[in-house]
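The same chain A turns up in both complexes below, where it pairs with chain B and then with chain C.
For the complex of A and B:
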């Protein structure tokens, strides 16, 4: 049911943050991403790769003094970076909804579930209190929360982690946004609950919205996302259809992530960690960001590779891709 | 319903604790005052003849054995009878309750003014942890907090009562008399409370749930007022209740400066005159009130924070 309408387009998004010792740290470097309606894009990377920074940038909630954000973030075709703060604020919760990682700390402990939902409904829709309550009840029902009437009066501490994450999802979806960003929505949950929450996200997003699922877990991405973008040190290093990227990775970093993850479809072997450490903010960074940890690196890698199409709808940013690129024009010749 | 049940449970438990506390205070005071000397000798004065002392002893029942006196005292206290004031010759408890009203009212005014001023100031400062306005505000609070209450009181008298003759500065004569003492007490309390509220709001603003609220389109004002402040009020409530206890017993200096016919003044005067029944009545009533305020705070905590509601008091 993937539509063709692009609900979120990120073009050349670059975020520079000031470092305490002076100088700047490039948290995101010319990132390009598109999310179409009904599609979930997986954004995969390790801690500090800039994946959470990206979600906060789309929401306009980076909130770091002295930051510099350039590029274009188009929500339903409208460039939010050019909007006034209050116009951008009105899109938060209505055009774009966010599900955060930790449902234990993400809900206000002194506010009832119902009051949080109703507050959000009344902020974005001109509804009276009674109607808003009905909308809130429907939202709780739609995320599979049993006896929603009772839950409306409950406080976050009275709910389990899984229920709280469902409440967070209800809160993100309640004003029917076109874009949902879920930042590690299942990391803080038990494995059995994880699957439920992922099913729920997939079902709710297929309806009408496009989504970005941020995760470090390739298994989660494989299960939920149609397309995948692998991010390393603020740079997209590989992007394409999920199945294809995971089956035929071109970038050594993607291959490294696959080797480091446990698999059940192969004879048990040793997990291979990626050698070395990601660079620290403030390290001199030129060329390919992965070259200090890459077995294939040579002099060519001192220059940043372009994100080139290595196969139809499959991009990789590497001078030495793991397999030969198939030219999109090959068949036509 | 849940709330009411929880509150009833707390109050019931607290009432039991109060009775134990009052018994302990009464006992302690009785023996402490006996230890400090023979009341009859003090009453009769230094030049008194032994017969006069004996007469006084008989008059106040001080000739009975100590345990008998103690149990007699306990029974009297049960009926709030602390005996006659040695100085005024009137029931001690009456003298205390007469004064209590004006002190309680003064404290209530001061606390209300403090809350009305300090909570918005604190929330405003707390929401701007990095801005220059915050640094200026913090410096102002720091200076104000360093000023002793009596200096502020004397400055206010000099300015508003002596220089401009706008307000009365002595005693309790009409509504205007309340202004200067209230301001003096508040000037001491506002910086304290504002600082606590500011610190708590700043802390709450860093919480994940503020980010959730903002991701749902909350304005900064909404995030502060509807999400951070309710969390910050817990600390503020704790401070207000301890300050109320201070106002009951410790507003002595302010009452002294403004010749305020209050509780603190009575306590100091009675101590100077060795008027034991009044001191006993005053301490008894203070203990009861401080306890009542603490119990009330417990109830407030549970109204503010649902997490505490189902815990045992």
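For the complex of A and C:
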């Protein structure tokens, strides 16, 4: 059940990073996203579009020399942008949990699974060792790890990729955070294991929390997320209910992603690529970020379109949306 | 059926490892006809890359025969293999690692011509220009270095290099897996255009069944070093015979709301090729396994719908995509 409480609000988040050859580029440009309790928002875009930068910002894990971050990130209403490292350490693993593509980067390799989980519980919940161990075992059980007692003693490298990702999810959830950020959590996994983990995320991620699932795969987002935000070159270009965005995309980039992906329910031999190349950090970026690859681009697109409401709860940033915007009065006519 | 261009029979490859012997290929047979696209799909560790290397005679086989253009090539010396390599080329997943960063694109594309002593300098330059055009790169790409290109463009360079000797067949190991979906479609269409013009045959290795369906005439499904199903692409997707194929179909994420109904999620991980289960290698994860499946090994047999399948109970599980693809979806 999706509640009404907003657990995460990102407002005008802008990240400028130094370019290797001097100067700066904008990795995220005035991003606005809200996540409600019980909801998983999908953030979808190609590589380099700024998805991981957003996840790192929400986790207080940026720290690139010369970075400049502005805007607001509110966790349960409290602005967390610019918190001290020690304040972040208290929040991470308690108020906000994280799951990365490679669980080996999130799991300390020289610590057993059990000690990682127990330590996190003790640090954030101030429980005694015996109680913490019970909580840890429950956490492993809740993510479907077989014989959890035995696994407590295992080290991350002794587990398969799928089991490691389950442990990472157990660790992310163990202190009942309000927000979970999962950045490409299934990208490194085989299809049948990915399906297991997506099932698990669907069942557990939005239990009590709200989350952002970051992925380059629209299909993955479609499997798990109620709402979808499509990002291109650091800019949100479309946002809305998943089913609606997929069935009636307004932005040419969203349509482009749909047309380029192979599907079993369409006749073969019809992939339509998006022309050109994905943007590079140094690329010029006035106007619509997609215009150099867009079939509909004209002079108007030299100015950045606003992210406008094109239908109820559906936003798109395009001067020439693919269908006529629904008038707010249409239903009444 | 036309005579196969490439035919492998009963390939077996094992590797020694600290934990024991790895049975990477356990009796694989396949054939690829001229001008055909055959894809090999399976999870990581199922033996796809080993099969590619075995077909290129680049890995030691315990047994098995390989025929290419009507000649046995499995026992040739490296020197005798060289002329075969002209007509059987390979492309790898990682366009970053497979191109020498110190060479210009021109040098990279001319290198196979030099190695086979084809043409003089001017003729090679002309051929390089042709190749660049064929893969959709601008003429001035010749003087640049791989690092100056994006991932998709580098894969075009790798394709151009593989085409330099006008091969009759390319074995491509995960050629688009590292690319963004919009670029993946560009490269897939390029490979298709090249095939339409030259009649080249492809053996494509991939882990994405939807992509494989899109590009292939025939699909081979691998599990733990064996082919468990083979069939025409449409048949494999609409009427899969092996329960593992059905599981792969239902595990493939899709934006199609139809595809998200009634799915089979396999439990557990694939077993290790070091400790292969007895009986059917799939039986510990199989949703329809019976007692017999733990005892006997099903061999790859002709299936009721014209392909081949290694299962005692073929066709029992329905495809989540049993219906023919409708014509264009009208929005």
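Here is the rule we go by: the second predicted complex is superposed on the first by the 322 of 333 C-alpha atoms of A that agree within 3 Å, B and C clash if a C-alpha of one lies under 4 Å from a C-alpha of the other, contacts with A are read in each partner's own complex, and residues count from 1 in each chain.
Keep this in mind: a residue touches a chain if its C-beta (ideal position, glycine included) is under 8 Å from a C-beta of that chain, and two chains touch if they have at least 3 such contacts.
Just so we're clear, the structure is a prediction, and the values are computed from it rather than from any experiment.
**Student:** Once both complexes are superposed via chain A, do chain B and chain C end up clashing or fitting?
**Tutor:** Superposition check on chain A shows chain B and chain C fit without a clash.
**Student:** Please work out whether A:199 is in contact with chain B alone, chain C alone, both, or neither, and reply first, second, both or neither.
**Tutor:** It touches chain C, and chain B stays clear.
**Student:** Which holds for A:232: it touches chain B only (first), chain C only (second), both, or neither?
**Tutor:** Neither partner.
**Student:** Once the structures are superposed on A, label A:124 by its partner contacts, choosing first (chain B), second (chain C), both or neither.
**Tutor:** In the superposition, A:124 contacts chain B only.
**Student:** Would you mind checking which one, chain B or chain C, touches more residues on chain A?
**Tutor:** C
**Student:** Which of the two partners, first being chain B and second being chain C, lies in contact with A:222: first, second, both, or neither?
**Tutor:** In the superposition, A:222 touches chain C alone.
**Student:** Regarding the shared-chain residue A:278, is it in contact with chain B (first), chain C (second), both, or neither?
**Tutor:** second
**Student:** Figure out whether A:155 sits in contact with chain B (first) or chain C (second), or with both, or with neither.
**Tutor:** Touch status of A:155: first partner only.
**Student:** How far apart, in whole Å, are the nearest Cα atoms of chain B and chain C in the superposition?
**Tutor:** 7
**Student:** On chain A, which stretch or stretches are contacted by chain B in one complex as well as by chain C in the other?
**Tutor:** none
**Student:** Under the definition above, what is the set of chain A residues touching chain B in their complex?
**Tutor:** 59, 61, 65, 86, 89-94, 97-98, 100, 102, 105-112, 119-120, 123-124, 155, 157-158, 168, 171-172
**Student:** Quick check on the complex: what are the chain A residues that touch chain C?
**Tutor:** These residues of chain A touch chain C: 46-47, 146, 160, 162-163, 190-196, 198-199, 216-220, 222-223, 243, 246-248, 256-269, 271-275, 277-278, 280.
**Student:** Give the list of chain B residues in touch with chain A in this complex.
**Tutor:** Contact set of chain B toward chain A: 130, 207-209, 211-219, 222, 226-227, 230-231, 304-307.
**Student:** What part of chain C is in contact with chain A in the complex they form?
**Tutor:** 43-44, 150, 152-153, 180-186, 188-189, 192, 207-211, 213-214, 233-234, 237, 247-260, 263, 265-270, 320-321, 325-329, 331
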